[in-house]
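What follows is a set of structures for review.
What follows is chain A paired twice: with chain B in the first complex and chain C in the second.
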Partner chain A sequence: MAVETRKRGAVGQNVTKVDGPSLVAGKPVFTLDLDLPGTLIGKILPSPHAHAEIVRIDTSEAEAVPGVRAILHFGNVPRVPYTTAGQGWPEPSPYDTVLFDRKVRFVGDRVAAVAAETEEAAREALGKIRVEYNVLPAVLSPEEALADGAPVVHDEPDAEGIYDARKNIAAAVDIPVGDVERALAEAPVTVEAACEIPYSQHCAIEPHCVLAYFDEVGRLVLRTSTQVPFHVRRIVARVVGLDPARIRVVKPRIGGGFGSKQEILLEPVAALLALRTGRPVRMAYTREEVFVSSRTRHPMRVAVRLGAGNDGVLQAVDMEVLSNTGAYGTHALTVLSNVGSKTLPLYNKARHLRFHGKAVYTNLPVAGAYRGYGATQGFFALEVAMDKLAERLRMDPVELRRRNHIRAGETSPIFEKIGEGREGTAQIVRSCALEECLRVGAERIGWKEKRARRREEGPWAYGVGMSCAMQGSGITGVDMAAATLVMQDDGSFRLLVGATDLGTGSDTILAQIAAEELGVPVDRVLVYSSDTDFTPFDTGAYASSTTYVSGNAVLRAAQEVRWQILEVAGAALGEPPEVLELSGGAVESRRSGRRLTLAEVGHRATYVTEQRQIAATASFACPESPPPFAAFFCEVAVDRETGVVRVERFVAAADCGTAIHPKGAEGQLEGAVLQGIGHALYEEMLFAKSGRCVNASFFDYKVPSALDAPRIEAILVPSEEPTGPWGAKSISEIGINGPLPAISNAIYHAVGVRMVRAPFTPERVAAALRLQGR
Partner chain B sequence: MRVAFELNGTPQYLDVDPGEPLVALLRRLGMKSVKEGCDTGDCGACTVLLDGRAVRSCLMVAPQVQGRKVTTVEALGTVDDPHPLQRAFLDAGAVQCGFCTPGMVLVAYELLGRNDDPTPDEVREAIAGNLCRCTGYVKIVDAVLLAARWKREGRWR
Partner chain C sequence: MRLQGVRRFHLARDVEEALSLLSAYDGRGALLAGGVDLLRVPGREVEGLIDITRMGLAFVDGAGGRLRVGATTTLTEVLESPDTAHYAGGVLAEVLRAVAVPPLRNMATLGGAVVSAHPWADLPTALVALGAEARWVGDTEGRGSVEELYQGEFRGLFRKAVLTEIRFPPWEGAFAYEKVGRSATDIALLNACCGLGMDDGTIAWARVAVGARPERGERLPWAEEALVGQKAGPALWAEVGRLVESKVEVGDDRRAGGTWRRHTAGVLVARALARAAEKAAG
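And now, the complex of A and B:
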């Protein structure tokens, strides 16, 4: 439900999603819906070992399989260290990956790739590649990785940017503000919480996939399911040794990403196979490969120590992180940094802070970007610690948050101290409706009554819990987006954006942002996005950036186009542009009342007088990153006999500034909350002692279905972000940060056990209840 | 081997490999709404209607459709003229990435064929075999309830 937003034109309206009609009609709009004659199938041979050297690789038998056209392995491809992280240049992730290495570092790592005429031939060939391995001891946990004498995951001499390769430390941070140890020692009240999140996977329903082919002039086209088309172009060019000008990356509709497609995985392999064969090549991960060989959330242990006065006001916060980045360090430093940078500013009263931690290599699947990006892990520990603090102080947890949370006009030293792999940017929070989120959310769930009276029915004990969260809107000093807006001869518009709609609805809201400025309905703005040949640059869809960063670029372009329209109309009407107004599809003079429709303006500018292309390209670099805020409330039922936890209701009240498309914003919040509930109750990749994932399927790894999902009530609490397009800031990630701590805190309220290891499975809850009973 | 079946109202008579998955056949025939999400029958993205009943086309082989009627979402409506059920998905905000949407629409179509006044729980039960990772299912349930209302009001086809 949307609380009333300020009445505007296109902004704030639930217009039909611009790509919606094609999607519901099942049109062929996704990557693999395009059939090209002569397309080969590419497949990858995964490593069966967690850690091994390849002594010998013999492809002769595989090459003899009828229909096999190319085989790639370390012996016949260029060795170029890079990172698979689809980040802006220079990528803050270590260059610790090559396309095919002599060494494999996890079960599922790339050994070789085949292109063949049919799927069957490709599979047969994979089975006939003879690989002789020298199996090495493996490290299967961060603790093992840090132990003295542990096997070294990255001993290759040409890796760059690893913090301490010999100690398996991919990245490390230590950022002190004030003197946290002294402040903790002196604080009247202290509490601690250590929370742990396991391996989990994004589970976008469309697996990673790519179609590589050559256009009519021999340029390489990569039609790919990606969040970062421009980074794909830059990184693939470097890795396969092509001039970037010879590569076009097209992102069609994509079937979900959540961060897992901010990664350059299949594209360079498909590109090389296409180059070697001169044929179109399509590649897609199987579901098992999506789990094991794409990317996961960083498993983490986060320990928080809080020191507060008797009034509950925080004096000191210490946060220590141990992050498992798996076999490669993609996003290792930045996810680690975000554990602190996206959480600690929320409670800005504490003068003494320390944020420190490590991201370590293991011989397990590779962690990467995942919605929430460290904030999810950080808020789990921080918000459980806050619940403990409230209990110690005998204070209502909502009241404790009220006494500590940041307000509009305030800042936190963390904004400046921690950025994405480097220092951040000092900023003032200009909009914050968290206080209202707390009020509205508490009221909706019936906080006061339910908190005061715990309910029990047979084995079921009921409880309520809450948490707060924030995120950002883009990466300061890194993100840049551009937009080109063109007026057609009929007075309609084309909006070209590099921004990447991964199902979030960004094409729609960017059209709304332009339409609002131009005073036209959204269907007069045709959006074309994410094509490196035809749309201007955009860093891509990550870090909750698109509405704010790309949206601001669109707004600037629209402002320029609006002015050009007024100039053309002014010349036609013989009046200065300053007295003209653009609204309702026409230009009207305030002085004379004379009008010119946009169709007439477009026609004149194209064919009659004042001939010119009405068009503008504008860009927006991200000087600050306004945080959205949210308060989460949930009611759970815990079966004290079996340990089963049921989420009965979940209320998420979020401040994303102006919601450009309220239903779209609610949808982001609802979807993120259910993913967070999945983290809290069900989702965990499990590994055998060999390092092999044993539940890499939707049958064995539980993604919540409609029957598992509780009532999720999304409430949009408006604020006005002065630096955002029409007052907007982000909404896509924040919702995933709430459920872990809110559900843990609700379980505590219900049955008095602290669940600090996710997911809170019946086995774990029952075990905790048994311990409590002793 | 040859099979004869009806696809979205059009008779088909063609050569198939006996082991060809139904999803592969349908996609080969241009029905790209039939999606491949897992290949193990767990996600529901490949759902089609077989004689009006929702089935997983990744778990069937082509010869199994001999003499039967297959319906995909392409048969329901078009971009310019969506079926009311498809319109309801748009109006309710039930489409995010859209990859699960064709399968969701078809299981909802099957449900509304036998029950045009479902409770929210009945809707959840009906769509429980189809995974969506984007929406949290809230607006999908809303869409099906909205479509049910339209159907009861005679706004249907």
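And now, the complex of A and C:
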């Protein structure tokens, strides 16, 4: 693959993160680091029942608790059906939620909210709200939800956009290409795999939190830990009944989101409490509330059937999905769609495809956006099926991928057929270094030798496994980002972006993208982001969009500013802009060699002659969504006596185009891989028969820590994405798609059992081994 | 939020003062050493916290093959003591390395672990296997083996008494500890601690304890009897492992099922025996 090798300045450098120093110095940069006088504490009363009608609610005793200032419940707030999903418009998730309903639909659902002078008073008041429930039968699995005569989770008449409420189906898709049944029947080789993922939570270090207050002119400010400030503004305005022009949303530093903060959860409640009391209100979920009442990954069962020729080339792929969206359908349709749209194009040789499935309601916690966004679930099944196919064909799994994966210049009908809850956009893959990823990754782990000779040491059996994945870079036809770049009188720059850095480093890489075009060091570009009053629009940080979509907006703004600088300098030097070059903080004439520093340009434009503000606002809408690609290889050790699985080593070779900040990109890849290892080995929310989550804490819900991390080797395999800023595409999500199938396939290589239900706990692995008599 | 009702914090100078404060609070006072369980377990109405970490009860003393550990010695201090490394084949260091994470081990105390006695914890299984003895001061001075304490109403005892010291007897031989958790920082899904003394290739004495079954660690006397007088070796470990698998009392909880625990108990005992024998052989 041809990669542009020209020398770059800021791009490709591991510059200091623009927010790094203040973060490591413990500066007060997070949402709740701001103390406002007179701030009230808001708390939410959760439902103790999985499914119940509220017959009566009596708040008189709670109101009498000293320090209580407001109580919200279904009886005193406007009823506006909406979705908590922070997505673009038109919103693809059903409007099946109201702020406070007469009915509760899962243990942890919102019943009421209190604002009080102290947390103690708020808690005391919650305990004194008397609620009479009429408990209804609950559905606690997708199978129960789909059964004839099942209780209906959403029977409210004012919900909109539910696929089939009476049957508990929030969303459904069925997308055929060609004739998959016939092609499967005629294929010389067929295999099947059905894989299952349970409830799991993002576990961002910082819980969801918000501070709502009125500024000096009476406008509502929401300082909130969100991935989607502009969607927060739009949705809060509608739900609370405020003119959007009266709302300002500010996103300070965030301690992680991973999709769980692509949701409008606490903001409207805090806004209403602030409105009712006229006081600042701060709200934060406890860790237990984060687990139960924020959002989770969609538990899912994905069944894949593959038909191939004896040469391994795929002829047919059928993918069927049963997704559990929990009590509300936020992201139900789009996560479901993504299971197919972000996986099936990877192997574009098959002419016959069918992607079909349902997302169903249950009386369990609400699933939402989570890094990988359906692709994680899809690749688990697809890549285990590919491993089975390789075995059937007695072919090296790497070779099987090579024969099937998409290349630059190729396309897949899926791009056009499946989009963000609607039809997608046809596109050609313009950059793809997957072949190189496969080669480099296999070499690094010692694939050929380890695959050929399995190692055993006492009870430990070692195996290697692999998988591939892709993702997207933004959502075509939906995402739009804008950037405003301003040159100051001293020749430095201000970059205003709506983009939302949630710990990913996007503020830094956007500064790098601008600095590269402007020929200045990164520290000459001050980034101010995510403030709906001061920064231009951006759909937000999700769908692996920021580097590509926001980055392109920044690049366009920088190109315009660059041209303005050359015009000003040209006038000063008496030379046409075409002969001028901008680099090293100065404009230089190729013709005369005369120079003007940027400080001189800024000074001249601001004060001296033909005074003007050098500035530009540019935007970028996402016409296509270039996929990053990756190949994952891992070595596992399986204790055949206890079922314990240890990941010994993990190699992830990824093509994210040009890595704007290589260390940052590697960090994204390593973090996503470790999160994926958590899915594979540890993470599972467990529920009692009542529907209550019984392990909603880090004591009993284990996420991998540094002590669990194996050697993770992140390899960035460069390509040049022609539509990306400086050749870049995304990296944030793809890494989480690899571990589940790669580890499952490695376990199979080690001990010959197929683990298809995550997580692969000692008990499950031991049971599988016993079943196979090994 | 926990411990919301705390009104006073006391630094007890000695056991007598701690006891008199405890008595004065009449059930609404709590001894504070590491504070780990005080923070973890909600629901107790605590008005007075009585800090017992300044009473000279933090020490590790090994002499003559024995080990004495003060009750407020942190797990890290025990772990890092050279005396611990030399005791019973270094088994306490093995156990302590398996307890949670370093920051928590910096807080938690050995006395706290004895008193909390969580069934899923690592230490109770080892304390029972090692025949540890607890010493306390309440109305009178008392002492008793941890194993016997755990069979009785020890929680009531330690509401009115201060645990002062844990004594580990000398063993001519070695112990080893085995654990399965979900992650490196997890509590045990199952654990086992076994010790052996050898006389010319024959087993002179044996201790076998299995914990987190999910019940608290207990010795399996029938497994110990099956070992004593036998020739040490892989065949014996396997045989005792099978015996344990057939007879050990296990149960289900949300973390693991009885079937897996039963099988794994046999595996862990056989492994601990093999390693203990290796250490004992020197």
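By our rule, the second predicted complex is superposed on the first by the 766 of 774 C-alpha atoms of A that agree within 3 Å, B and C clash if a C-alpha of one lies under 4 Å from a C-alpha of the other, contacts with A are read in each partner's own complex, and residues count from 1 in each chain.
We take it that a contact is a pair of C-beta atoms (placed from the backbone, for glycine too) under 8 Å apart; a residue touches a chain by one contact, two chains touch by 3 or more.
All values reported here derive from a predicted model rather than from experimental measurement.
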Counting residues of chain A touched by each partner, does chain B or chain C come out ahead? B
Determine, under the contact definition given at the top, whether A:Phe30 touches first (chain B), second (chain C), both, or neither. first
With both complexes superposed on chain A, which partner does A:Asn695 reach: first (chain B), second (chain C), both or neither? second
So in the superposed three-chain picture, is A:Tyr682 touching just chain B, just chain C, both, or none of them (first/second/both/neither)? second
Identify the partner contact of A:His73: answer first if only chain B is touched, second if only chain C is, both if each is, neither if none is. neither
Is A:Glu763 touching anything from chain B or chain C once the two structures are fitted on A? First, second, both or neither. second
Counting only touches as set out at the top, which of chain B and chain C does A:Gly643 meet: first, second, both, neither? second
I'd like to know which partner A:Ser705 touches here: chain B for first, chain C for second, both or neither. both
Thinking of the overlay built on chain A, is A:Gly671 touched by chain B (first), by chain C (second), by both, or by neither? first
Which chain A residues come up in both lists, the one for chain B and the one for chain C? 699, 703, 705, 707
In the complex of these two chains, what residues of chain A are touching chain C? 119-120, 123, 459, 641-644, 681-682, 686, 694-695, 699-700, 702-705, 707-708, 761-763, 766-767
In the complex, go through chain C and note every residue touching chain A. 1, 4, 40, 101, 180, 182-187, 189, 254-257, 259-260, 263-264, 267-268
Footprint of chain A on chain B - complex, ascending: 30-40, 42-43, 45, 72-74, 76-80, 82, 86-87, 89-93, 95-102, 105, 123-125, 127-141
Residues of chain A that touch chain B when the two form their complex: 14, 16-17, 19-30, 32-33, 202-207, 253-256, 258, 284, 286-287, 502-505, 663-664, 666-667, 670-675, 697-699, 703, 705-707, 709, 712, 714
